[in-house]
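Each of the next two complexes has chain A plus one other chain: chain B in the first, chain C in the second.
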Partner chain A sequence: MQTAQTLSSRSAPPSRKRNVSFAWLGVVPFFLFAALFLILPSGILLVGAVQDKQGNFTLANFAGMFKGVSLGLVAAPSQANLLGLTFPLPFTVDFQSNSMINAYILSIQVSVVTAFLGGVIGFLLAYAAVLGGLPKFVRSALLTFSGVASYFSGVPLAFAFIATLGRLGFVTVLIRNIFGFDLYMTGFSVLSLLGLVLTYTYFQFPLMVLVITPALDGLKREWREASENLGASAFEYWRHVAFPIILPSLLGTMILLFGNSFGAVATAYALTGGNFQLATILIFRQIRGEVLQDPGLGYAVAVGMIVVMALSLGLYYWLQRRSERWLRR
Partner chain B sequence: MAFLELTNISKVFGQTPAVQDFNLQVEKGEFVSFLGPSGCGKTTTLRMIAGFELPTTGTVVVNGNDVTNKPPQKRNTGMVFQAYALFPNMNVAENIGFGLKIARKPKDEIKKRVEEVLAIIKMESFGNRYPYQLSGGQQQRVALARALAIQPQVLLLDEPLSALDAKIRVSLRQEIRAIQQKLGITTVYVTHDQEEALSLSDRVVVMNNSKIEQVGTPFEIYNFPKTEFTAQFVGTLNSIPATVRHAANGELTVDSQTLVTAQKLAGIADGEAVMISIRPERISFASEGRKPNVLNIKVENITFLGSIVRVQVRAGEHLFLMDTFNNPFLKLPEVGDKVEITFSKEAVLVLRHASQI
Partner chain C sequence: MKRIPLFPWILIFLGFLYFFLPLIGTLDFSLRLVKDQITLEAYKNVVTSARFQNTFTYSFIMALWTIVAATLLVTPTVYWVHLKLPHLRPIVEFITLLTYVVPAIILVFGLIRIYSRPPLSLLESEIGSDFLLVMGYVSLALPAMYRSVDAGLRAIDVRTLTEAAQSLGAGWRTILLDVIFPNLRVALLSGAFVTFAMVIGEFTIATFLARPAFGPYMANLGQTRPYESTALTIISLALTWACIGMMQLLGRGAQGQIAGTR
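Let's look at the complex of A and B:
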């Protein structure tokens, strides 16, 4: 009997007790935070965007975004304006009567210009620090500054720019007193669109430095030497090897900068007091009810922003993955 | 006149000499290896030939042209790097054709040449693959093909097999040698692996502490090392202090036992302390047949290494290693046994005076 019991217990399948790892406890705060401040608000936005004031389902909020827009394809040539520069278009678009679409266009314009400026300035700085043969302390100093400056935005940044480049700002007064040159006589104003672009660029280029530095570090010395050995000049190396290798990172980071600028609200609001109708400011006003209390329309505009941001981030990750595949050892 | 001439080459980084007093002549089609430990200056010398480093003093002459101050682009050398250095944004065919594209060769010519070298490395169907889709061995073969595509005057290989696993290393080194012999290209190969250097090269340059220790054929380097470093670095070696008993007859004493060397001990006085060296594979058990030198020893350890069995033995204070070929009928003594070992007079090399060590 005893033998039978022993055999029976031996032949039984091993116990499949699943041990729950306590490591999950460590990530609970993250998931809680994400649920409360990302998933839940996004859900509220999505639901709110398809509800009228009585809570009934409607697509009128999205339709309202395009209210008054008329598009005539190839009907009559027109011109598009991008921060003062005009471009010919083969069709006519009339956004004049639609503040929503205008807000999107202005947001996209500011984001494209600041992403480009921040991208170029950041890349040149990172190049000088990583590959320019400068002393090592320059790199450490630049990276430390970039780490701080990339998070310096909102009201403090707006105040810093007003205190520096405002009509009575430190630098404005200094230039006036030393060189007798009044910056504001040229038409410049820190409260203008140019001022906004400058202010945004201040937190854009450090982000570029931080993200592109590892990509520049990833350029192996052997690639340059191999290309030289095969007869290539420095220009040919950059044209055929280095630039194509870092291009996905470069474009990806610029897209990240675009998203960074597109989603910013506090800096613009604090700097210009809402003079410029950026999409984020419009959403803020719609939801707060300062102009037209139409939260549903505000939610719809916000969902549109989420779509733009998601597309930007999706493209960024796709480019990053492509770059990583190349750079993997 | 030699095809590649390095004359009085030296290189100093800051205050640190990386290469000193380096003189070497390499004939056309010759395969020469620089062999030495890390930091001995072998890669720096190779980089001076390629033009990535300028010598502090001395000249580099290739095919009669002084290229000492020419940039790498103007030297027509093909370099293969340890970490492959394939361009990740280009496929195999584009990598191989890169040098020809830079030289603005016609597209048809580039295509033909790429196909030729792909055939040489036996990777004809890999032209459209990207480096990340290849194994380490395949990447290194492509790197070799890329260097060969431009038809360089000198092929330079900087530890090209170090990043590969043992089996691939052996097969690829045979492939490199076969390609080199087929094309008759003058080749300089840097390695710290003695087996690689000995198996591949026409001549080996052994380097240590930024200087050449010895230049010779693999046979000379292994069998007749001129310095203790060469003897120690190339192969396994027993180095034992001994005393000259009768220099004229080549007699020495180790642990009160007498040995004889075939080497002439000119300039060494009787009673002088010297260092002798004996390769492990030249020692055998006296039971298998006696040679002129016989020592009484005690077996300390036996290690099975596959094709050979390594036996550690003790003669007084001195430990020796001896290697014997493995075979299923081999009869070895037990650890602790006291037996006799034997070796020929020619196996005993007197390297330098013990007092100078």
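Let's look at the complex of A and C:
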């Protein structure tokens, strides 16, 4: 019986109507590929993350990631350090320096800052090119360059920034020769966190330009005229009309940029040689067998990254749905 | 009333400064191998080195395989979903998004774990490792390829074309190769260029599968030969530029890369 079915499925052109449809056979290769090279690899990490060395089920690996963290929201005021800027916090959060969770915190900090920076820069550039009353060629040049720059990443990008902002870099030397001022005397280094942020932002902002330009194109002239007729100032028009319309796609793109930076490893590795304990660098070194004697802990860190990425993608879709619903009204 | 838009000009100027300074800096650096002289010596050293030629050829071939595999995997699937299984579209789309959720470093971590031990010990042979590398690259290229082909198929009336071909007596091979493929030529070419730009200098997956690829070679060179490595940067940027330029010539515009090979 089963052989008969397999045979008929192989010989029957799927177009002809049968009692049982074999149309699904056409997508088998794709799903097989996805299972073998996307789902299975992630799945095996999840399995590894919930096993101890003997192969028994455990959640100790995830607990291990939080080892040394005392999230005792003590009412004592403290300061949070975000890329050199300090912010006052109303409570004390205490992280032990070797805790895995620190890698996440650093990764998330870098990703949030570069997503925000890239988002703002990209938005301002698109705004200037679309609504700034500049000649047409500026806009097409900007889009072309953004298209290229968004692919310029990884190892070559890191080299480019070392050649530009390194100790003997082009800009460093230029500033020294023109202004007689040494960037590196201020404590700046391209190999520092700030250097990493500047480098990441290079592949972040073009993406925002590419996404937000069509959205700005979609702002109808009539809306502005209507607001002006009703006595709105330019600021009020932006505050109450234009900005709310583009805000969801602005935020949505920033979330994509967040993930873009969160999963990045080649750029950071080539730039700093793995000095910074980003989550991706931690996994990089884990695969090499340099850190973490405990393999289960490595899997847990990897699974944690997948969770962060999945959450950010979910948030993105939620925002998109909201913006669509808003536009339909 | 008409005034010079000073503020927008300043913004654009600063933006282009940010864009171009690293490129100028790299170009300048790559020309200074010999002290107090502008020279192409670094480029000459790179291009004539056997390691460069071998790794570049290797990555080039792997990129071509990736394009072939991604095309063969994505095109029939998306076509079939358009034609027969529209209810599967969200699932297929979801799978292409998994690439975003699982960054390259995580993907290769999982790949190593599965395929370095029985029953699927692909990594024990050279050809198996190459195969795995191409499959990893296909995963990276999946979203771009899918978007490209999906947009291409939306632009043509798949159902009518298929039924017209069928009523003229065409078989499935004829329909796919002589009717659908030619209509998708632009979409496929643009997907191919994006894929090429993404994987030619890919570092993470190639490193951990221990492949003699261009990306790891570049990273390696950076630690010992600063001038040669910036020359290499310019070369690889020119390649990217050519690929994206071809894509824009094809009229697809630039989509920008999300996740992938950072």
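Rule of thumb we're sticking to: the second predicted complex is superposed on the first by the 276 of 329 C-alpha atoms of A that agree within 3 Å, B and C clash if a C-alpha of one lies under 4 Å from a C-alpha of the other, contacts with A are read in each partner's own complex, and residues count from 1 in each chain.
Methods note: a contact is a pair of C-beta atoms (placed from the backbone, for glycine too) under 8 Å apart; a residue touches a chain by one contact, two chains touch by 3 or more.
Being a predicted model, the structure only gives us computed values, none of them experimental.
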First (chain B), second (chain C), both or neither touched by A:Pro156: second
Which of chain B and chain C A:Trp223 touches, first, second, both or neither: first
Partner chain(s) touched by A:Val120 [first = chain B, second = chain C, both, neither]: neither
Contacts of A:Ile245 with chain B and chain C, given as first, second, both or neither: first
Partner chain in contact with A:Leu193 - chain B first, chain C second, else both or neither: neither
Partner chain(s) touched by A:Phe33 [first = chain B, second = chain C, both, neither]: second
Which of chain B and chain C A:Leu315 touches, first, second, both or neither: neither
First (chain B), second (chain C), both or neither touched by A:Gly231: first
Winner by number of chain A residues touched, once chain B and chain C are compared: C
Touching both chain B and chain C, residues of chain A: none
Footprint of chain A on chain C - complex, ascending: 5, 7-9, 11-12, 15-16, 18-19, 21-26, 28-30, 73-74, 76-77, 80-81, 84-85, 88, 92, 95, 97-114, 135-136, 138-139, 166, 171-172, 194, 197-198, 201-204, 208, 215, 218-219, 222-223, 226, 229-230, 232-233, 236-237, 240-241, 243-245, 247-248, 253-259, 261-262
Touching residues on chain A, where the partner in the complex is chain C: 13-15, 23-24, 26-27, 29-31, 33-34, 36-45, 48, 121, 124-125, 127-129, 131-134, 138, 142-165, 169-171, 202-203, 205-207, 210-211, 256, 259-267, 269-270, 273, 280, 283-284, 286-287, 298, 302, 305-306, 309-310, 313
Residues of chain B touching chain A in the complex: 50-52, 71-73, 77-79, 81, 83-89, 98-99, 101-103, 132, 146-147, 150
For the chain A and chain B complex, residues of the former touching the latter: 220, 222-223, 225-233, 236, 240-241, 244-245, 325-329
